[in-house]
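Below you'll find the structure I mean.
Read from first to last, the chains carry the letters A, B, C and D; within each, the first residue is number 1.
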Amino acid sequence: MKNLIKGAIASAFLFGASAAQAADDVTLQLKWVTQAQFAGYYVALDKGFYEEEGLNVTIKPGGPDIAPAQVIAGGGADVVLDWMPSALASREKGLDLVNIAQPFKSSGMMLTCRKDAGVETPADFADKTLGVWFFGNEYPFLSWMNKLGLKTDGSDGGVTVLKQGFNVDPILQGQAACVSTMTYNEYWQIIDAGLTPEELVVFKYEDEGVSTLEDGMYVLGENLKDEAFKDKMVRFVRASMKGWKYAEENPDEAADIVLDNDASGAQTEKHQRRMMSEVAKLTAGSNGALDVADYERTVQSLLEGGSDPVITKAPEGAWTHEITDAALN
Amino acid sequence: MNQTVISAQNLSLTFQTNDGPVHALKDINLDIDKGDFVSFIGPSGCGKTTFLRVMADLETPTSGTVTVNGMSPAEARMKRAYGYVFQAAGLYPWRTIGGNIRLPLEIMGYSREEQAKRVANVLELVELEGFDKKFPWQLSGGMQQRASIARALAFDADILLMDEPFGALDEIVRDHLNEQLLKLWARTEKTIGFVTHSIPEAVFLSTKIVVMSPRPGRIADVIDSTLPRDRTLDIRETQEFADIAHRVREGLRAGHAYD
Amino acid sequence: MIWILFVLIFWGAMWAVNVRLAAGPQTQLTKILVPTLFGITLLVLWEGLVRGFSISPILLPPPSMIAQRFATSLPILWEDFVQTFIKGALSGYFIGCSAAFLTAIAVDRSDFLKRGLLPIGNFVAALPIIGMAPILVMWFGFDWQSKAAVVVIMVFFPMLVNTVAGLNAKDKFQDDLMKTYAASYWQNLLKLKLPAAMPFIFNGLKICTTLALIGAIVAEFFGSPIRGMGFRISTEVGRLSLDMVWAEITVAALAGSAFYGTMALIEKAVTFWHPSQRN
Amino acid sequence: MTRLASFWHKAGPVLCILLVLIAVWYGAAVALNAAWAKDKAARAGTELTFSELVSDTMSQEKPLLPAPHQVAQEIYKTTVLKKITSKRSLIWHGWITLSATLLGFVFGTALGVLLAVGIVHSRAMDMSVMPWVITSQTIPILAVAPMVIVVLNAVGVSGLLPKAIISMYLSFFPVVVGMVKGLRAPDHMQLDQMRTWNASNNTTFWKLRLPSSMPYFFASLKIAIAASLVGAIVGELPTGAVAGLGARLLAGSYYGQTIQIWSALICAAVLAAALVALIGVIERATLKRMGMQQ
């Protein structure tokens, strides 16, 4: 029965494809709203890199309640961008997500604190209120706190966790001592709001040795058994990485392309260009292939979750070099 | 006995409406003596209800004066000089019959024992003993109207103003209530102002019949009844009754001819 | 395939039973039995279709799985319930409804204010107030206070409009009667206007129960401490624990129905005299 | 003359209260934004005079509460000055929301009427469906919204339709309730009259029940369209800030652009008012033709 539905959907897709053009359709689900964080894909789309590979790519923006893993499980996308902790957690829930490429080499996540709240080192976190994103993004934070030996259930000597909304208001209004920020996005919102870098302390997950892998490309394992799909992914990864490298070299142009694709009309040029230059630093070290050492480190930190680990056992088959090997050689 | 309780002099009332002014009352002069039973009769729009409402200070006249017990209607109202019975029983559905009758007593600040005593008293007057725990909507229309009369009798007002109180009831019930009302009037010696559009009802009940005519609302005739104060329904078969009824009818006709 | 066949047969059978029950004499028992059977049919339909089509539990978990999750997560569900319903929704509901009630009474004395406020109140009652949620979270912080504030604003106008309409609902004769008694403003208010307004006031109170719950949950999407029904729903969707999400939705539906039902019961007791409540 | 007077009689108090509200809004803007202005000044090491303080609170880029004229400027900028096709035009976003609203409204009305007809004609349906219709509204729809969209995605439905389905979920309820009441509005006498003419159920429905239900129908439509708009906006909130007024709200919240949030809110309010007014006009015209209203 399941296959019947799948077949129906697939044939619907096929029909759509053959009716439109001969190019292969690929749908990409982003993790968040349209912004320079995803510049590589928009550049590849805009510059025709996908077209050159014979692909007809649709990019779906995400949002606060869009779980990419759920979208791919529902057949709403062929490839999704996700953070590895959340992808591995989904794997444990029985969704066979496989990492096929990892354009982000380093983590851009950090905790940004106000000096006047009395935070200088991680040791000062105790009894403070910290803003954290949830929705699958809390795993790196939880394993870091676990490493620091701080409880997150609000008990004495631990930290009080606040589910941060989509903005940095809690730190501006002093409701939280620290908030989660990305080097390329929220940090600059704090700066734009009027706080100066001197008034802030930042703790990069990368520097604290608790970084986990961010934006990677994930597909369903069962699809990888299909040669045609694999071939499609090879071309997709190749074109996407071409897009990323182009974006790194031409950040301003990339930011403008992102702006053109922002349907919400809420982004500003200044912010996107700055974001692009920060994102370029994170993608710089990667050619697209997953660094196994990074993967091992991520898994290790997720396994150390204390009483409530993010994942309970080391996953198997959660990544493959098959696609990147074919794409990049 | 001939003490004047209500007196109207050159009373006029004009309503301003979107279609221009309407002369509801024009140059009304009338005296009502203590203990009188006065009926106001006339076609719709003759101002009979308006006149009653002016006496009760529910409307304010445009010119002329009215006195109630020698005071202005407003002062009389503040002194709670009269009880008023409306066309519809207007009982509060969330209060029992007893509770409804108690309402004016609560507002006027009677003590609890006094309230209970009076409620029992007036319920007996209108023959509704045993119904004080019932809700209005559990009673028939006639019983509801009797309860509303009881409510107007519960406090010490020597004037009772009634605006077509039996208009919505069927004739058999109405006859019965008319008889009861006369007995009540005899026992309580109140002055009653009674609006109706039924000639037999007016003749049967009243000591004085005020015939009114419309556009502008004015008094066409005032008839002092020659019937004895103590009367039963049989009196309607007498010649005297027919004569008075005839005079009323003439008055009404004259009012129309004037139109 | 067997599941689907079973579901279809079950559906048909239940419907037949219900038609027979409904055609029979209406008793207290059939009044409860018929909708219950229908509800059970829906659940079986759901369970059967999910199993029959092997729908992934990440998309739509079957009711049995939700029930299991519900039973094993009672402490968390209770904590969330207290945070969102008791602290956020109920306090906001209470404050919002009382404020609207008092405003309505104040406004009722002035015809000018009434004529000015009513159209505006009607207008605001139709607005997507829920859009204010991010702003209120910004103003009142992330804990339950901001959720209560969202609820206050959401319930205020529907309650105001209903109460004002109710205070005008008295019968003309009754109003004149109070005048002939020379009743004071407060006597008139307490003995006539308020009782007469009760059906409208309860109408407002009932509408507001659902609004309160929705407001409190939705406001949590814009920032919250790490407990609460809205928090749990949004986080667990991210963790693909859809069974937990549905367990929370069940709690919300139960709480919402109980809240509404309580109000309806109080209404029945208070406005027993109103034609709509009499049998 | 009298028409003008009656216009002022109606509009005067409303305008007065609106003016008061705007004054309160300005006052609140100064009060709420003052803290930030002082904070900024303190960090810069300067003192603010009162007039400086006031002018600063009125012109912040991301105020806690923007002043009315800031919102008005933003609305003007994003409606009149931008091309309608531009993604920065509020009209474009309003149109996206409006189309989902209308689609959901049509679905919701159709579903509501169908259910109501079924409920009025079948006792079994009345007894089994009605309680669940009421229960359905106690489920917080926003919680279901993301799932509705993803599940629909799984069967290949995306774009306008998922939002419209959320709108439908909110708007069918008032229609069911109103229509059941309306279709049952004819009294015994009218129904008996139909029986004396030996009219079929069908005829009774078309000639008596349906016409009698019209006033109820329109009253519910007004509630339904407002609910439908809320549904469309709520549907846009969690489903990725793609486009529409809900997306503007979300994006505004995400970037702390309060002026943008408020302008989207005001735009939604105007849209709601216009839709309800439109139904009102149709209502008056229809009822007048049917002789139910002068």
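A few comments on the model shown:
Rule of thumb we're sticking to: a contact is a pair of C-beta atoms (placed from the backbone, for glycine too) under 8 Å apart; a residue touches a chain by one contact, two chains touch by 3 or more.
For clarity, every value in this text was computed on a predicted model and none was experimentally measured.
Taking the CA centroid of subunit D as reference, the farthest chain centroid is that of B.
Pairs C-D and A-C differ in how many C-beta pairs touch across them, and the larger number is found at C-D.
Work out the mean CA point of subunit B and of subunit D, and you get 53 Å between them. Subunit C and subunit D have Cα centroids lying 18 Å from one another. Subunit A and subunit C have CA centres that are 38 Å apart. A separation of 50 Å divides the Cα centre of subunit B from that of subunit C. Multi-chain contact residues of subunit A (touching two or more other chains) are listed as 64-65, 67, 70, 73-74, 165-166, 169. Contact of a single residue of subunit C with at least two other chains is seen at positions 59, 134, 138, 221-222, 237.
For subunit B, residues touching at least two other chains: there are none. With chains as nodes and touching pairs as edges, the resulting graph is of another kind, matching none of line, ring, star or complete.
Of all possible chain pairs, those that touch are A-C, A-D, B-C, C-D.
Of all residues in subunit A, only 1-2, 5, 64-65, 67, 69-70, 73-74, 86, 89-90, 93-95, 134-138, 152, 154, 160-166, 169-170, 173, 175 touch subunit C in the complex they form. Put simply, subunit B touches subunit C in their complex at residues 53, 56-58, 77-80, 82-84, 86-88, 90, 92-95, 103-104, 106-108, 135, 137. Residues of subunit A that touch subunit D in their complex: 9, 12-13, 33-34, 60-67, 70-71, 73-76, 165-169, 172, 189, 192-194, 196, 199, 262-267, 271. Subunit C meets subunit B in the complex at residues 171, 173-174, 176-184, 187, 191-192, 195-196, 198, 271-275, 278. By the touch criterion stated above, subunit C contacts subunit A in their complex at residues 1, 52-54, 56-59, 134, 137-138, 141-142, 220-226, 231, 234-235, 237-241.
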